[in-house]
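Look for chain A in each of the two complexes below; its partner is chain B in the first and chain C in the second.
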Partner chain A sequence: MIHPATAIHPATADFGPAPQLAFDGLLVGSFYAMLAVSFGIIFSTTRTFHFAHALTFTVGAYAGVVAAEAGLPFWSAVLLGALAAAFFGVASDLLVYRPLRRRQAKQLNIFLASLGFLIAGEAVVQYVFGPNSRPLPSVPVTGVQFGSLATSSLQILIAVVSWLFVLLVAAFLRWSKYGLAIRGVESNAVLADAFGVSRTLIFVLVFFIGSFLAGAGGVLFAARDTATPGMGLEPLLAAFIAVFIGGIGSIAGAAVGGLVLGFAESLGAIVLPGYLTNIVAFVILFLVLVVRPRGLLAPRTT
Partner chain B sequence: MPAIDPILDIAGLHTGYGSREAVFDVSLSVGEGEVVTLVGHNGAGKTTTLKAAMGLLAVWAGEIRFLDRRITNSSSAANVRRGLCMLLEDDFVFRDLTVAENLQLAAFTTASDRAAEIRRDVFELLPVLADRRGQRAGTMSGGERRMLSVGMALMSEARMLLLDEPSLGLAPVLVEQVMGLIEQLVAERGLSVLMVEQNVDQALRIADRAYVLRAGRIVVEEDASALRQRSQWWDLF
Partner chain C sequence: MKRTSRARARLAAAGAALALTATACGGSGGAGGGTETLNMGALFAMTGEGSFYGDVMSKGSQLAVDQVNSGGGAHGYTFELQVEDHRSGQVDAAVSAARKLLNVDGATVLLSSFTAPTVAVQPLAVDQGVLLLNGGGVGSDLVGKENLYNNRMLGAQLLPAMVSWSAERHNAQRVATIFWNDAAGRSDNEAVKQGCQQAGCQVVAEEPHAIGTTDYSAQLARIRSANPDMLVIGSYGNDVGYIIQQARRVGLTVPIIGNEWTPDAAKIAGQAMEGYTAIIDRFDPATSDPEGKAFAQEYERRYGEEPEFYAANYYDLTRFVLPALIKMAGDAGEDPTEPGVLAAEMATAVEQGHEFDTVYGESMTFNQDGTVVKPAAVFEADGQGQITPIATFEDGRIVMPGG
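Entry: the complex of A and B
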């Protein structure tokens, strides 16, 4: 049987399509890594299962599309999309989650509120922008060749920007005063409160950072693909699977989880027909949850 | 009443959790440089009183004054800046952070140059923390973590400590050490202390005065020495 993947990627002498698929996996995994960090920093600090993070992604993408359609250069569109998403994320924390937390709502109720918010938000996006896909205009894309490996300049750019953001967030958490405060709230929120670290402020901060990354991701995704009202769901699922694979509370874990997911989805095409590759992510998640429930790189807590 | 001006003054405090009232009309005061202990059974409202004073729990009625200013229902962040610091009963350190990071975070409201100065001072006072500065707090023993929590209180430039069960879960020799450290801080730095303790003997040994709480109400206020001499003080509970 000739596998579809072999037809798409011309076989190299010894390894067949594997090197190209691994390379594709690296590129898409890098994007997942950034999305996982964006979801992970919010979830591990606030313990809010922020399903509407998918909506933040979409809002960022459409803001970027609108900016680009208005004639702004690509990088300004990315920045504007990211900022719009950041403010949107902060607003969703203050207006949706904060009132629920005040009433000491259960995790499930917060999750349901988030899900409802996502569905309503997608409907609003569809109402305002229409159901059709909206491309990001005038993105320069050229083909790039590394030996036998082929990709596009945009894919490389997305991967580089993704790692840049992941490293920036990691450095911020590791070395800055507020990064330490975020890790403190994550470790022991009551104690952080007792030492004068305002939980409200820290929550706003992580929603801003996580949503900024998601928004940038949304614009980049729209540049590679197009913007649609329902575009956020699949990236969100990838992000949260990556977070659970890597381990909650670990930036490195989220990034590694994203990479694992990217490789698995891509290399899964060697043994599975294309329409089944989505299953690979869930199989890996299942295996990790069975063998190592805390995730691959979760912080050890005694 | 204390002979000296009170640094902390709680008057007619009512508070609780959800709709359940746990503390009824509690009034107490702590003088500058004084050690006052709050004793009573589990669930008598001791920790609840401390939390309300610190701003970690809403005050339903009554007034709390610290350094002659009304601080009723002000945020814990504001209270830390004023010099109030509470050491929690359990989970009193950031287990996922290193010793150095714990100290740094405890100084969140302190200016950074001042924090560096206090840190040298803390390392001198508690050399075990200097030796372990890179160690994750969660991997330290209970006694070391207690020492760390005291170091953290100093980092916040506290003038008054609210201690919730500082001896809980510690071996007797470590209890002596922790109590000794508290005594030393009071004697050398003029810190004031309001301490909740199950270990009544230990608490009365270093305290100037004691209040006995029963079912959310203060039933006795007495000099610690007088209370210690009662042959049957536990009847008061």
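Entry: the complex of A and C
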């Protein structure tokens, strides 16, 4: 009466859903672009492999959820989540990474400390907020149709906000005094020191900016899905891959890397079952590392 | 002198206490004595995407343990429950945890959940003569396994009838499936095909996905492209909520059915959950059945929330099944803490068609293959986090009220 299950074979190529998949790729790629910029600005400036950026994302999300549960409007919750994440990110730098840098810790040690910080932090989030998912209340979401393409108003909003943040960061780096200082530290920290640029201040600044973006992303993600203690890891991995695809030290590269990744993962579903499309991300990363190790848009170093 | 008297008094008190303890521990487990401890181990999803399950399952079983113990024990045995985490279905975590429960904690009974972890620890249970009871996993791989009994109705028991009934109800000819890419989900997918075969419909899309996924855009794009007129979900936990939420957002308006509903998934899907129908174990917290009512009231008093059927299942296993087996062992002059005794008693009970009490308002029996016969029903969800029964499952068929 009860039959054993049989194996599901990988799907053959089906181009029917390609336009929808490309559209989804654009939307998710936009979100990845923002996350890539948020991770990239920290990594390229401080050379800290801030794996606990995933925790910052989660902290921002939960702060936003708590704010929304307290009755604050959606945009206030996004802002509060972003600010909470920004201060959390700065605190991570001051309390975890700076002591390690002072002791001349190696990259691997910093990475391990960051990983431990992430694991411990997730456990604390779970302890405080419980293991169950926490949706962001009162988010108005409607379905949106563009001909045969369909999505939700929230997905469109997330994509628009993502690009807005990417452009703001790019403008800040391009035209502001502090942006110039960040670029100075990024390209040659010793020389920037010699010109009186405070590396400590710049590190705090990039952690603030990157974490602000991650926090905003966390709240938007919680609005789209829900907040869970382990929610940050997958977006962080996407951001990390996008930065390496686009090239370290390039805001445009990180953004393009995010888009490429979004398109690739989504369009991969033409030939692969949905649960295997993550493979595409790593295949692209591997190809970029082999063919163009500095990334698609990174400036050539001398 | 005074000091000596006090010391003697203390010594006498200690001796009396020791004697009392020795008497209490030395009993042979007379009825209601509560004099020996039976160690129970539980393998639940305490962390990860399925932590909702671990939460309610541990609450249901702990409540039963406390009630058994406060009532003087089950036929001479008090229960001690040790819960370990299989991290939402991770097999290696489950096996390590089971080893700890069996070898360190001395568990005589294992409560398990999820298909893959349960199947993975079953050989260990057989090796050590331990009874393995699952109240959550639904995959076909759980069928016909030595020492393993399931009091959750499995997908293969429920879904064929549900699919066939729903296809006729909605006049659906083209059915799409989306399901967990694991043993449970794959067997659900096969059950859907079986149901479709009965109803004469065609499965036009089969979309497996990783457990705990939150973005279903790729799967839903392919499903939309296949133009189905019904969607069947063979996924569990929060995933059900995400799938329904995102399916509606991308304009997939066809009826959606499945064999899972949880309050957490309902919270995630929100209004989009409206109209979703699921066939699940028929537990109603507002029941008038005395056992069910008492359970629901105590659960709500203690945890501040209504119980759902997973909590009920583990409560039943601990509160009714285990004491019944201990009694049978006692009647046969066997020690239930000895390896193999409870498993043998369970096999005997199944063979004799023993009816175990439940909080479902009806008793349950087990089949020789470890599956259960108990009340199940089709529920329809509203968009406010509630479900209402609309039909019952009887003798492999779905029956509407009055029909």
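To be clear about the criterion, the second predicted complex is superposed on the first by the 287 of 302 C-alpha atoms of A that agree within 3 Å, B and C clash if a C-alpha of one lies under 4 Å from a C-alpha of the other, contacts with A are read in each partner's own complex, and residues count from 1 in each chain.
We adopt the following convention: a contact is a pair of C-beta atoms (placed from the backbone, for glycine too) under 8 Å apart; a residue touches a chain by one contact, two chains touch by 3 or more.
The model shown is predicted, which means the values in this text are computed figures rather than measured ones.
Would you mind checking which one, chain B or chain C, touches more residues on chain A?
Counted on chain A, the partner with more touching residues turns out to be C.
Touch test for A:G184: chain B only (first), chain C only (second), both, or neither?
A:G184 contacts chain B only, not chain C.
I'd like to know which partner A:G143 touches here: chain B for first, chain C for second, both or neither.
second
Per the contact definition in the header, classify A:T151: touching chain B only (first), chain C only (second), both, or neither.
second
Check whether A:G16 is in contact with chain B, with chain C, with both or with neither, and answer first, second, both or neither.
The answer is second: A:G16 touches chain C but not chain B.
Touching A:T277, do we find chain B (first), chain C (second), both, or neither?
The second partner, chain C, only.
In the superposed arrangement, which partner chain does A:A192 touch: chain B (first), chain C (second), both, or neither?
A:A192 contacts chain B only, not chain C.
Can you check the complex and tell me which residues of chain A touch chain B?
Going through chain A, the ones touching chain B are 177, 180-181, 183-184, 186-188, 190-198, 249, 299-302.
If we count contacts the way the header does, which residues on chain A are in touch with chain C in the complex?
Those in contact with chain C are residues 1-8, 11, 14, 16-17, 20-21, 24, 28, 126, 130-133, 135, 141, 143, 145, 150-152, 154-155, 225-226, 228-231, 265-266, 268-269, 273-275, 277.
Using the touch rule from the top, collect the residues of chain B that touch chain A in their complex.
54, 56, 75-81, 85-86, 88, 91-97, 101, 104-106, 108-109, 112, 138-139, 152, 156
Using the touch definition up top, name the residues of chain C that touch chain A in the complex.
46-49, 51-52, 54-55, 139-141, 143, 154, 156-157, 181, 183, 186-187, 189-190, 194, 206-210, 213-219, 221-222, 224-226, 238, 242, 246, 248-251, 264, 267-268, 270, 369, 371
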